[in-house]
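After this come two complexes, each holding chain A, first together with chain B and then together with chain C.
Take a look at the complex of A and B:
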């Protein structure tokens, strides 16, 4: 019951947050100084009458605020209009590419979380012993290599040791999808693994030394229960924080990884659109990515509250 | 005799970044069934370390224990982690100083009792919850049904310590160790918790080890008393012997620095502080603070002397 109230409270914060973000996206682009008509015409010449007609067609003479309202109003129904250059439906363009980026981001978070929690907990339980030291060194190496470099190294290694693995062409089927996504997702998760393992380790060490752990041991609980049910659940809060931060940055990481592994995701669409000043695509793709970002924050808050009763009670989250 | 626990020549060293701390330096005592032993001394003299090693609650990596902790003939220090499970909670259990941090902050208090029943008594969820509720009522928590579903941050310190006690006695241990169990509580609550412990001891026939720096607490609870200083027992005897005829200057100083023990209502503090335990001592550890110290106290370690019967003390110049 209390949890339900918490979810409602979080949603009440979420909606205005989304609107503010969309405002920033829209106005930042409009004030960037490139005239949409120039973009539409490209190299072609046009008479003032044609230009006026175009302006009218795209409602560019309306005040900015009503343009914004039209855009956001259509956007919430899933209609992002058409782009200025090829006159394709922006919604279709995004819908084609979103599963790639989303899959990459979500899978990398899942892989990264599982790996780093396993390594971090193992490290903390074996604090100071060879296992712990080995993990620490591996993590230190990982943390110092940027993700795009990791991606390129992976590709090079694959081309030498497993040249049959393909990374080119369209993704037309579900089996294509599952053949192409996991490896880039794994590569994308490695930086996160490095940091989150360290955070998990240190957070677990603090919890394992706390008094309630002694209480749990003294009352006769098996070590496994003390580690996972008691220490780990308490250690989870800082871990969740750092995971959610990485989830956010993995969206921008995904753009890089997509281009290295030639995956047709949102990243490619967005960079292409930015180069050609294709406003409708840029603002809508950005909006979708920011929505993903906000949803990650919301999910984190909900997990926080599920883990920690004190957060449920206070009604506060981390995103706001 | 009915000896339940026999500790002999127990030494505990900690490896720290600053060197090795000799926290417990050869301690002997025994505990009989149904009896209460008080371990008294200032902070930092090794009391907590001593009792924690009975349940092996130290970080094994950084701790070195030697000697014997015999529990019905088995040396606890030699047991495997699996065998320790048969000791913890079942044979001996422990209550810690600060109830605010002794409980898991994110689990319902009822669950923190019930989980032990499920893990160790193979009870079903329902049975365990019922048993936990019964236990909450036994330690005087009202309304138990409501408290069962609350979290530690929703309860007062006294209430929490009752929960901690309920947890500690859930598997009906033969020995209950109370490590400064009332120190963090205010006076009236202290009294309630001590009464609860006394009642449990009587009802369950438990043996109790009470660790405290407060002679008032020992006076109320204990059959025998060990006075500890700098990792050693300085004086050991029955409560009557220690109170009526304290032989060690440290014992006398402790008694007169406690409100209940001070003569004429005047509290006398002991100057200085207990030594750090990095170096093994050559002379008497209390020598720098002792009012009766002589030259030979500094030079050689005082031996245990017998006052009468079981009453022993570690001093060369008793009064």
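Take a look at the complex of A and C:
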């Protein structure tokens, strides 16, 4: 019951936050110096009548606030209108590309969490020994390498060791999807792995040195049980905090990793639209990416609360 | 910067010293690109395209025969200068605002901090996208966009530091002398915050280099003919199979710069934190005390 109330509370923060973010996205683009009409016309000549017709088609003569309300109102029902240049439905464009970005982000969070918890716990158990040292150095290097550089390095290694692996082309079937997503997701997760491993390690070391661990070991409990059931449960809180922070930033990493691995995801759509000033796509793609980001934050907050009863009671989340 | 008496422990541990030397070396080489580069970075020489390292081209030449070493130096100059400009924009915007919010508190403080809460809930690169879409593409726009995107972080840090500092005795003393608020904020409180701010800024330069490189890589940052490390990566990726070094060179340059900056920043933070500060051996400490 209390958990339910917590969920409601978080939703009460989530919805206004989403609306404010959508306001920022919409108005930032409207204050840019580029007139939508010149984008729509491109190189073509136009009579004032044609321009007036276009303005009417896109409701550009309405006050900004009513344009915003129309856009966000339709967006909630899943309709993002049509773009300025090819007059395609923005919703279709986004729907085609969203599964790739979403799959990439979610898979990378899952891989990242599992990998970093395993490495962090291993490192803490072997504190000061060669295993721990090796992991620490690897982690220090990984922290400093931006995700898109890691992706390029991966491509480089593949081109040397497995030149037959292809990355170009459309994704037409589910098997294509599963063949192309895991590797980029793994690469995307590495930055998160670097930081979460560090946090898991230091958090576990504190727990392993505390007295209840010695007591449990003295009672004769097997080390595995002490590590995972006793120490790890207590070490989990700071780990979850950092996971929830990094889960969100993996979205911006995804945009870059997609571009390196030539995956047809939202990132490519967005950058292409920014280059051509195709604002309906820019604002809708940004809105969707930010929504994914906020939802991930919400979900991790809820998991966090399920694990730590103190959060449930205070009603505060970690992200915003 | 007010000099802290440093009898015990030192900022310049061997690691930090080595990292600073590496960073200063990179900074020197790139700033003096005009003097050090053997060729014009844009000079095309098709006869030496894809040539490996040779006495004429120390790092070889790229797909249209441009000298890689010269491009690396000039590209680094663009990358590092732009990153420094990003940090400058964020400091000029963020620090005064943070100081004012921290010192006066009240409605200004709550308002600004709530706005920052919202902006910080947007990932920096996506916020950069919004601003680039608004301000247009190109070097100046991307620098300004990132500078603005970094303001919330810096001003929040400055604000938190100020709200701690303002309760200290020296501020009360300064008030009792009848100093003006401006003088207390900028001449008394600010110098006491600089070292922590500096540690944060060193990391931010690294982040700015990465994010700017990402933007140029995507074609949203610097525009040709100007080139930076991100642009070089993007060009190198196209020719990955013919000459992997075109990707490796800017990659190593970026990683080396950022690793050295991170180590320096870690060093400063460790030095500022008494619990982490590296202490000299007890014998050396005793010796110093008796001098």
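Quick notes on this structure:
Just so it is clear, the second predicted complex is superposed on the first by the 306 of 320 C-alpha atoms of A that agree within 3 Å, B and C clash if a C-alpha of one lies under 4 Å from a C-alpha of the other, contacts with A are read in each partner's own complex, and residues count from 1 in each chain.
What we mean here is this: a residue touches a chain if its C-beta (ideal position, glycine included) is under 8 Å from a C-beta of that chain, and two chains touch if they have at least 3 such contacts.
As the structure is a prediction and not an experimental result, all values here were calculated from the model.
Applying the stated contact rule after C-alpha superposition, one finds that A:233 touches chain B and leaves chain C untouched. More chain A residues lie in contact with C than with the other chain of the pair chain B and chain C.
When the two structures are aligned on the shared chain, A:291 is found in touch with neither chain B nor chain C. Shared-chain residue A:307: touches chain B; no touch with chain C.
In the superposed model, A:225 lies in contact with chain B only, and not with chain C. In the overlay built on the shared chain, the residue A:217 is in contact with chain B alone; chain C does not reach it. Legend: residue contacts after superposition of the two complexes on their common chain; A:127 is shown touching chain B, with no touch to chain C.
Once the two complexes are laid over each other on the shared chain, residue contacts for A:259 go to chain C alone; chain B is not touched.
In the overlay built on the shared chain, the residue A:206 is in contact with neither chain B nor chain C. Put simply, chain A uses no single residue to touch chain B in one complex and chain C in the other.
Contact residues on chain A toward chain B in their complex (touch as defined above): 127-129, 209-212, 214-223, 225, 229-230, 233-234, 307-310. Touching chain A in their complex are the following residues of chain B: 52, 55, 57, 59, 61, 81, 85, 88-90, 93-94, 96, 98, 101-108, 115-116, 119-120, 151, 153, 164, 167-168, 170-171. Residue ranges of chain A in contact with chain C, taken from their complex: 17, 20-21, 24-25, 28-29, 31-34, 140-141, 143-146, 148-149, 152-153, 155-156, 159-160, 248-249, 251-252, 255-256, 259-260, 270-271, 274-275, 277, 279, 282, 286, 289-290, 293-294, 297, 319-320. Those residues of chain C that touch chain A in the shared complex are 117-126, 129-137, 206, 210, 213-214, 217-220, 233, 237, 240-241, 244, 247-248, 251, 254-255, 258-259, 262.
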